[in-house]
Every structure is written in C-alpha cells, then in structure tokens.
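The next part holds the structures, each set out as structure tokens.
Look at the two complexes coming up: chain A is in both, with chain B in one and chain C in the other.
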Partner chain A sequence: MKSALHNMNPAAKFIVITICMLTMAFFFNPWTPLLMWIGVLFIQLLFSRIDWKLWILFMIPFFIMAFGYFWTTLVFAEDKSGPVVLSIWSINITEIQLNHALSISFRVLAFSGLSLLFALTTNPVSFILSLMQQLKLSPKIAYSILVGYQFLPVLKDEFVQIQQAHRLRGAMQAKSVFHRLFHMRKILLPMLAGAVRKAERAAFAMEARGFTGEKRKSFYKVFSVCRLDGYLVSLFMLLLVVSCMSALYMN
Partner chain B sequence: MREVIQFDNVSFRYPDDEKWIFEDLSFSVGKGEKVVITGPSGSGKTTMLYLCNRLYPENCDGIVKGSVVLFDKSSQSYSPGEVNHRIATVFQDPDAQFCMMTVEEELAFTLENLNVDRKEMDGRIEEVLELTGLTKFRHSVIQQLSGGEKQRIAIVCALIMDPEVLLLDEPISHLDPFTAKQFISWLDELQQERSLTILAIEHRLDLWGDFFNREIQLERINDANPMSKRISSRQEHQSLDVSGVSTGAFLKDVSFTLDRGEVAVLAGPNGSGKSTLLKALCKLIPADGTVRPSNLGYVPQTPEFLFVTKTVRDEIAYGGGTHAEELLDRLHLAAIADANPFAVSHGQKRRVAIASMLCDGREIIFMDEPTSGQDAASLVELFRLIDERAREGTTFLIVTHDMEFAFHVADSILLMKNGILTGKYDANQVWRDEELLSNHHLLQPKGWVEHEVCFA
Partner chain C sequence: MLKSWKLKEVVLMSLFSVVFGIVYLLFLHVGNIWAGFIGPIAYEWIFGIWFIVSIICMYIIRKPGAAVISETIAAAIEVLLGNAVGPRLILAGVIQGLGAEAAFAATRYRRFDVWVLMMAGVGASVFSFTYGYFLGGFTVFSTGYVLLMLSIRILSGAIIAGIGGKAVVDGLLSTGSLQGYAITRSKKGEARA
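And now, the complex of A and B:
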C-alpha cells in the first residue's frame, strides 16, 4: 500500500499527471486547484513513502512564488469591480480580485504538488525504460538520456578537480558573486571540450556493443501496466473530476 | 588457419586532413591468434582498430583505400552493428564505455541489442559472470568500481556477445602493475577456454610477457631506449617538510621530507590514496598536519585543468611572477608563447603547467600520473623535462604506476598502502626488495634486472 505510487508504471503515472495538469488549465477558480493540491497530498500520504522533509524543502520556493502571485494579483488587479470584501491599510479588495489572486496562487501549488509527486516517486532510469516500452520512445533517444545520466557523477568529479586546480593558481579568489559566476565560464569550457570527447567515446562503446538504435524486441527489465496502475489512474481521475465539479457547485 | 581479419593495402585519412594516417597497410590475423599492434602515439593504432570493428570509416566519414575483409566478407558489406557481436571491443577509457548503472543492467543492455530472448538473458548473464569469476559484482554500481574492475567488466560485456575476436585498446594503461599482471593471466585463461582471437594495441609490452604470438609495428619505434638512468641531482638542503598530514578517516599521519633537486616517486596499489595525499599536501582538500613550505606546485593528470588564460605567455605569468620570459626560454616554450594553451600538444601542456608553477615561485612540484597513456617518445620527453628541472634545483614528487619510468627517474621511492605511507626508501633499495614491491602491487622494473646482470 505504502509503495503503490513507487511501483506504479512510470509512463502511466506520467500520462495521468499530464492529463490532470492540462485539464486544470481550463478551470480558473480557486477551488479546483486547491482541492487538487489537497487530494495530491492525501494520495502521497497514503500511497508513498517519500521523505517529507525533502518535500517541504522543494516546496518552499513554490510557496514563496504562490504568495508572490497572490500579492501582486491582489494589488495590481485590472478588474476592480464588485463588492469590497476586505481592506488592508488603504487598499480595498473586491471579491473578483481575491478570487483571481487565490486561483493563481493555488494553481502554482497544485502544479508543483503534482510535479513533486511524480519526481519524488519515480526512478529516472525506470521512467525512461518505461517510456521506451509503453510509449514507443525511440531507443536512440532513450539510451542517449540514460548515458547522459550516467555521466553526471563523472562530470561532477571533473568540475571539482578543475575548481581545485584553479584555486591552487589563485584564480578562484574573487570575492564577489558576480566574479565567481564570471569565472565559471573558465571551468565550464574545458569541461565542455572534455564532454564532447567523452560523448564520442560513449557512442563508439554503444555501437561496439551492437547498439543500432532500432526498435528492440526483448527487454530484460519489463515494465507492464497492471491492475495497480488501473486503480491509481482511476483514483487520480476521480480526484480530477471532483475538483473540477466543485467549481460548478461552489459558484 | 582461417583468416578472420585481413587488411590489403589499406590507407586511411580523415576527410579534412591531407595527410594519410597510414598508407598501404597489409596484414592478416588468423583464428585463435594473439596479436599486438605497437607504434608511437599518432601512428594510427586506434584508427586501425576502429576499421576492424567497422566503427570507421562510417562514423568519421574517413577515406579508405584498399580492402578490409572481416570473416571472408568485405567490411563494407556489413550493416552497422552487424559484425560488432562477432568482433567485440574493449576501449581504453574505463569511464566512458558504460551506458547503464549496474553491471547486470549493462550486460542486459548488450543482450537486448542482440535481440536475445528474455528467458535466455538471465542464464547467459549468470554463465558469463561465472566463467569470468565476477559473479560477486553482478549488482555492483559500475561507477563505484575501481579501474581494474571496470576493465574486467568491460571484457565481460564483450564476452557475453559470444565473440570470435576480441579487440583491446590499451587495456592495462590505467592499472597498477600487479593488477595488470593479474588481468593478463586472467585474460590468458579466458582466451584458452574460449579459443578467442585477440588483437590488442599496446605501447609497452613489458608486462605482457609471452602472451602475444606476434607483433605488428605500425611505425618503427626507436629501439634504442634513449632514457638512461638519471644521475641524481639531490642537494644537501631540505626543501619540503611534511609532518602528520591526515584527512578525515582515510589518510593517516603522513610525514616525510624531500631535498632540493630530489626526484621522488610515490607508488602503491590502485586506490591507496596517492592522489589524495598530493591534494592534501597542496591544501586542495581539508587536511590536518603541517607542510612547509606552503607554496607548492601541482600538475594534475590532465594539465589543461590548470589553464585560465588565452596564451601560453599569459598562462605562465598569471600568478604574478616576473621572470615569465626567462622561463619561456628555459622550458623551450618561446616558439609557442602566443599559442592558446588548450591547443598545444600534451607534452607542451605539461611544460606550460610546470613553467607556470615555477613562475609562481613554486619550487616543489607534484605530478599526478603523468605517465599513464603515454608512448615511449613522450615518456622520454617527460624524463628530460624532469631531469633538466631537477638539476636546476626543483624538487619533484611523482605519482606513477610505471616502474620502468620510476626506475630511470627516481632518487627515492615513497610507498603507500591503504592511506598509510609505508615509508620513504632509497630507490635502489626498493628495486632489490621483491617482497616490499609485491606488498605494494608493484613489480621489479626490467631496467633494474638488466642493470643487475651488468654488474654481476
């Protein structure tokens, strides 16, 4: 039960989350995104074992963003008609203004909640493999992404090494953030040159293993769509319908 | 004997180059043979290997004259990827030949490419790991394995295709001598068990013993080894004093001293902490203990990591030293003073790196693995560079696996194991002591054995 979201077929998860996001884009009211966000939170509480500390950390920027949207829409609204419901200092806020502001900020929360649900419960390698098996993504693209992913730790090592070498030469002592950013260019250039060389080698290595980029007939790790995926997709759809209907009901 | 690879008057050049990489090359490799290709850097060894597995000319639009025949069929008549499972390749760089996270996934990737039935996959993976004695690595993450282990896994990935021919591109250049020896005898057993044909590129044959049946030289190498044993330039004046250097849990309490003009080699098994020690001494990673003086020079394995400017002259003067012009002359860099340091040859890059260290007043220079992947000519160049500088009073501490090179260049040897400095020894004492050497995964250099015979 607790691992249901982690075991869900990544491609199915991807599709259902994309559908939720696209549908929500057509509903401009505070209730739909709010309900969606709360629903997503509950689904995660029940069906996943994600690290909630990490979740909060990732959510912080989105909370700030949501509040920013809320405030700016409230203060700089164009449509200031309708009854005043609230006044802060000397600013009078009408119902329409408040509605707009809330729908925009809840939207930010709902979208980020959905994305985080996907990101925190999906293994990137499984996702790519599943895209290849369920959604017929070309192996050429799929394996390029996977190889790139393998190179990340190597590139990180290289970055640290160049940084150390530059520090030794006294090239990293620039205090200001601007200078540091400017200096990044000098670290990234040799890395870029090295990356091109590595990419060629990796491509050769793949071809030497008989990789041609054609559609493959058999997979070692098979990702299939099973009953669990059906249940979870229905759950998401139910949540989507409920949150969309709520708009009609509330208005 | 059946011929598996046949070159008939083959010439090759890249489309943008006027010059042929090699011309009118003819040779053939029979089934079950073990053949080595030798030649200096730039003589086209790797290019030739890529012609054998059909990576070239397709992938570089190269121009080929003559005919390459693989298994009695012209190489052009195969479609891409078709011949690769019969002629498998192991590349030189252990970091850039894997696509997946774990060993199992990597092997499965290879089988998927060959459209092997899913039911068979498990059995084949198990079988090949059993055969090679690497079953314990089945679920290991490849990037966390050591260089020697990665190189073995690369061979396993090649073997799982059931190839008839194995192409090896300098397979031992990243391994310490002991691990390399082990690897070679392991390969020898495999070859006999599977009756493989092996075609390898290598520029140093010392460690291979009588593994190969035949040698093909692409270009004549200067046989007379111009590297002779250095005459020590050690002076009675201490230049470096290291005491109690340690980092966290790994490096433990390292103390030693070096003299002016001394050339010391730091050796030990893969992963014994040699590079970590160099970095700790230069304060590139946090470390306890004292190092005097604190102004130390460091040349990483890739010297261009140090470069921050656009010309060699600026590069040398970058640290604010005033005698850049003089150093340009002394290190024979005047001719390329206005060139971009990223665009000069590898040997020159190293020269520039050393010059810029000296210009900063860093008279003690640490070099990390300057010998790996270098051919005979560039080793001689490196030897001369170190010799010249040492005679002018520079102190060197060099990390290397190459005991031939160490034998020629070193006054003293520092041995390391598991993050502990075993001790600093006089070079001749180390070469004599086979037990001490094998304890540190090292082998007696051939130069020393000959030397002994001469004086016996």
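And now, the complex of A and C:
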C-alpha cells in the first residue's frame, strides 16, 4: 500500500500527470488547483513513503514563486471589473482580480505538487526504460540518455577539477555573482570539449559491443502495465474530475 | 529519421544536455527566487539560456531533427537530475525544440550563419511563449504586460541562444575537438557536405 506510487509504471505515471496539468490550464478559479494540490498531498500520504523533509525543502521556492505570481496578477490584471472586495493604499482589488490571482498562484502549487510526486517516487533509470518499452521511444535515444545520466558524476568531478585548476593559476578573480556567471564560459568550453571526446568513446564502446540501435523485443529489465497502474490512474482521474467539477459548485 | 544518425552524434547530444542540464538547473533556481519578487517576468530575461542546446547541437550536427531531439533529451535529462518542475518540462522541451527547428527547416538546413541561429532563438521564444501563455494562465494579465514579456523573451532568445550559442560552438571549434562532425566539413556556414 505504502509503496504503490513507487511501484507504479513510470510511463503511466508520466502520462497521467501530464494530462492533469494540461487539463488544469483551462480552469481560472481558485478551487480547482487548490483541491488538486490537496488531493495530490493525500495520495502521497497514503500511497508513498517519501521523505517529507525533502518535500518541504523543494516546496519552499514554489511558495515564494506562487507569491510572486499572486501580486503580479493583482497589479497587471486584464479584467478589472466586478465588485471591489479589498482596497490597499487606494488600490482597489475586485473579486475577479482576486480570483484570478489566487487561481494562478494555486496553479503554481498544484503543478509543483504533481511534479514533486513524480520526482520523489520515480527512479530515473526505470523511467527511461519504461518510456522505451511502453511508449516506443527509440533505443538509440533511450540508451544515449542513460549514458549521459551515468556520466553525470564524472562531469561533476571534472567541473570541480577545472575550477580548481583555474584557481591554482589565479584565473578565478571574480567575486560578484555576475562575474561568476560570466566566468562560467571559461569552464563551459573545456567541459564541452571533454564531453565531445567522451561521447565519441562511449559511442564507440557501445557499437563495439554490438549495439545497433534497432528496436528490440526482449529486455533484461521488463516493465509492464498491471492492475495496480489501472487503480492509480483511475484514482488520479477521479481527483481531476472532482477538482474540475468543484468549479461549478463553489461559485 | 533516426536511421541517418550516427550513434556518436546522439550520445554527443546527450552529454551536451547533461552539461547544460546543470546550467539550466542553476538558472532555474536563480529565476525561481527572482520570480518571487518580480513575478513571471523574471524568467524572460534569461529564457534564451534554455534554448541554447538545440542551437548548439544543430550548428554542430546539421541534420534535420537535431534541434528537437537535443532539446527533448536535455529536458529529459533535467527531469532525471531530479528537477522539481517535473514531467511537463519534457513537453516544454519538445515545443522549444520545434520552434528552433522551424527556423532551420525554413532554410532547408542549408544556412547556418548567425542570422539563422538568431531566428532559431526567436522561433523557440515564440513557440515556448505560446505554450507558457496557455499553461501559465497568462490570459489574466493585461495585453501590454504580455507583449512586454514576449518581446523580452524574443530578445533573450536571439541574443543568448543565437549569438551566445554561436560563440560557444566557435570557441569549441577552435579547440579542434569537433573533427568528424558536419560543422568541420562545411565552410562559412553553408551547405552540409
């Protein structure tokens, strides 16, 4: 029960979350995204064993972002009609304006809730393998993505190495953030040159071991769609329908 | 379409995506914090950075599809790196890639000078803005504000992705590590050999 979301087919999870997000883009009331966000929270509480500390840490920037969306929508709103509900320093805020602002910022929260659900319960490698097996992603692309993913720690080490080499030779003088961002260019080039070389080597090694990039029928690690996925997909769909219907009753 | 692709070209795109995936994530955090204070317009200035991979890969590999596939791979890798923006990033990547691809397709993949690269940045800006307009609910903003956002994004796409992308590849070209790719086989950004 607690591991249901972790065992769900990654491709199915990906599709259902994308459907939820795209559907919510049609709704401009505060209730639909709010209900969605709360519903997603409950689903995670019931069917996953994620690290909630990590969840809060990831959620903080989205709360800040939601606030930014909230006040810009209030100030730069298109539709300023309707009864005035609030007035701050001689700025009148109408009901429609407030509803739009709340809906946009709750939408940020709902989107990030859905994304975090995916990110915290999905193993990256199984996600790509499942995309290849269920959604017919070309093996050439799928395995190339996995190669890139495996190179991540190597590239991270290289980044530190280049940075240290620069510092050793006194090339890293920049103190301010902007200088540092501009300095990235000097680190980027050697890293990209290294990436070109690594790509050639990795591709050669794959081909030497008989990888042709053709579609295959059998896999070492098999992912399939089972009954559990059906239940979870219908749970998400139910949540989506309920939160969309709420638009009719809450107004 | 993938039949004509060499494996090393696909792996190259993937590794570039990892390098830029880290850069993208860095900028995403900068943008996120900033957006808290000045709203969604915070992303517009730096939006060009997210298109750069498609332009760099197309400029090097010069095969139909290079822009879309590389941007999609970059988005997928960003998701793998544990990005909190999550699955919708992949869709965004496909759409941005299509925007850049449109500019190259319009020249039938014959011209790769700085103007075409800038147009690719503009194409990616327009496509991604349309997507963001729909998904981010920008319809609630006043028309003037939306137009301001769009024009900043187009400028950012043309300058950061177009000119910046060209500068990165030209720097890379002078290191001599791009031997064996289409860019070294053709001169002055003309036809692919």
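Note that the second predicted complex is superposed on the first by the 250 of 251 C-alpha atoms of A that agree within 3 Å, B and C clash if a C-alpha of one lies under 4 Å from a C-alpha of the other, contacts with A are read in each partner's own complex, and residues count from 1 in each chain.
The rule is simple: a contact is a pair of C-beta atoms (placed from the backbone, for glycine too) under 8 Å apart; a residue touches a chain by one contact, two chains touch by 3 or more.
On a predicted model such as this, the values are computed, not experimentally measured, just so you know.
In the superposed pair of complexes, A:230 makes contact with neither chain B nor chain C.
In the superposition on chain A, contact of A:161 is made with chain B only, not with chain C. Of the two partner chains, chain B and chain C are each touched by A:206.
In the superposition on chain A, contact is made by A:171 with chain B only, not with chain C.
Once the two complexes are overlaid on the shared chain, A:193 sits against chain B and chain C alike.
The larger set of touched chain A residues comes from C, when the choice is between chain B and chain C. Look at A:79: by the touch rule set out above, it reaches chain C but stays clear of chain B. With both structures placed on the common chain, the touch criterion links A:222 to chain B but leaves chain C unconnected. Comparing which residues of chain A touch chain B with which touch chain C, the overlap comprises 147, 193, 198, 202-204, 206-207, 211.
Looking at the complex, you find that chain A touches chain C at residues 14, 17-18, 21-22, 25, 28, 58, 61-62, 64-65, 67-69, 71-73, 76-79, 100-101, 103-104, 107, 111-112, 114-116, 118-119, 124, 127-128, 138, 140-141, 144-145, 147-149, 151-152, 155-156, 159, 184-185, 188-189, 191-193, 195-200, 202-204, 206-207, 211, 213. Within the complex formed with chain A, the chain C residues making contact are 2, 5-8, 10-19, 22-23, 29, 32-33, 35-42, 69, 73, 76-77, 79-88, 90-91, 134-137, 139-143, 145, 168, 171-172, 175, 177-178, 180.
Considering their complex, residues 50, 53, 55, 59, 80-81, 84-85, 88-89, 91, 93, 95-101, 105, 108-118, 121, 142-143, 157-158, 161, 279, 282, 284-285, 298, 300, 302, 304-308, 318-319, 342, 356, 360 of chain B touch chain A. On chain A, the positions that touch chain B within their shared complex are 125, 143, 146-147, 150, 153-154, 161-162, 164-171, 186, 190, 193-194, 198, 201-212, 216-222.
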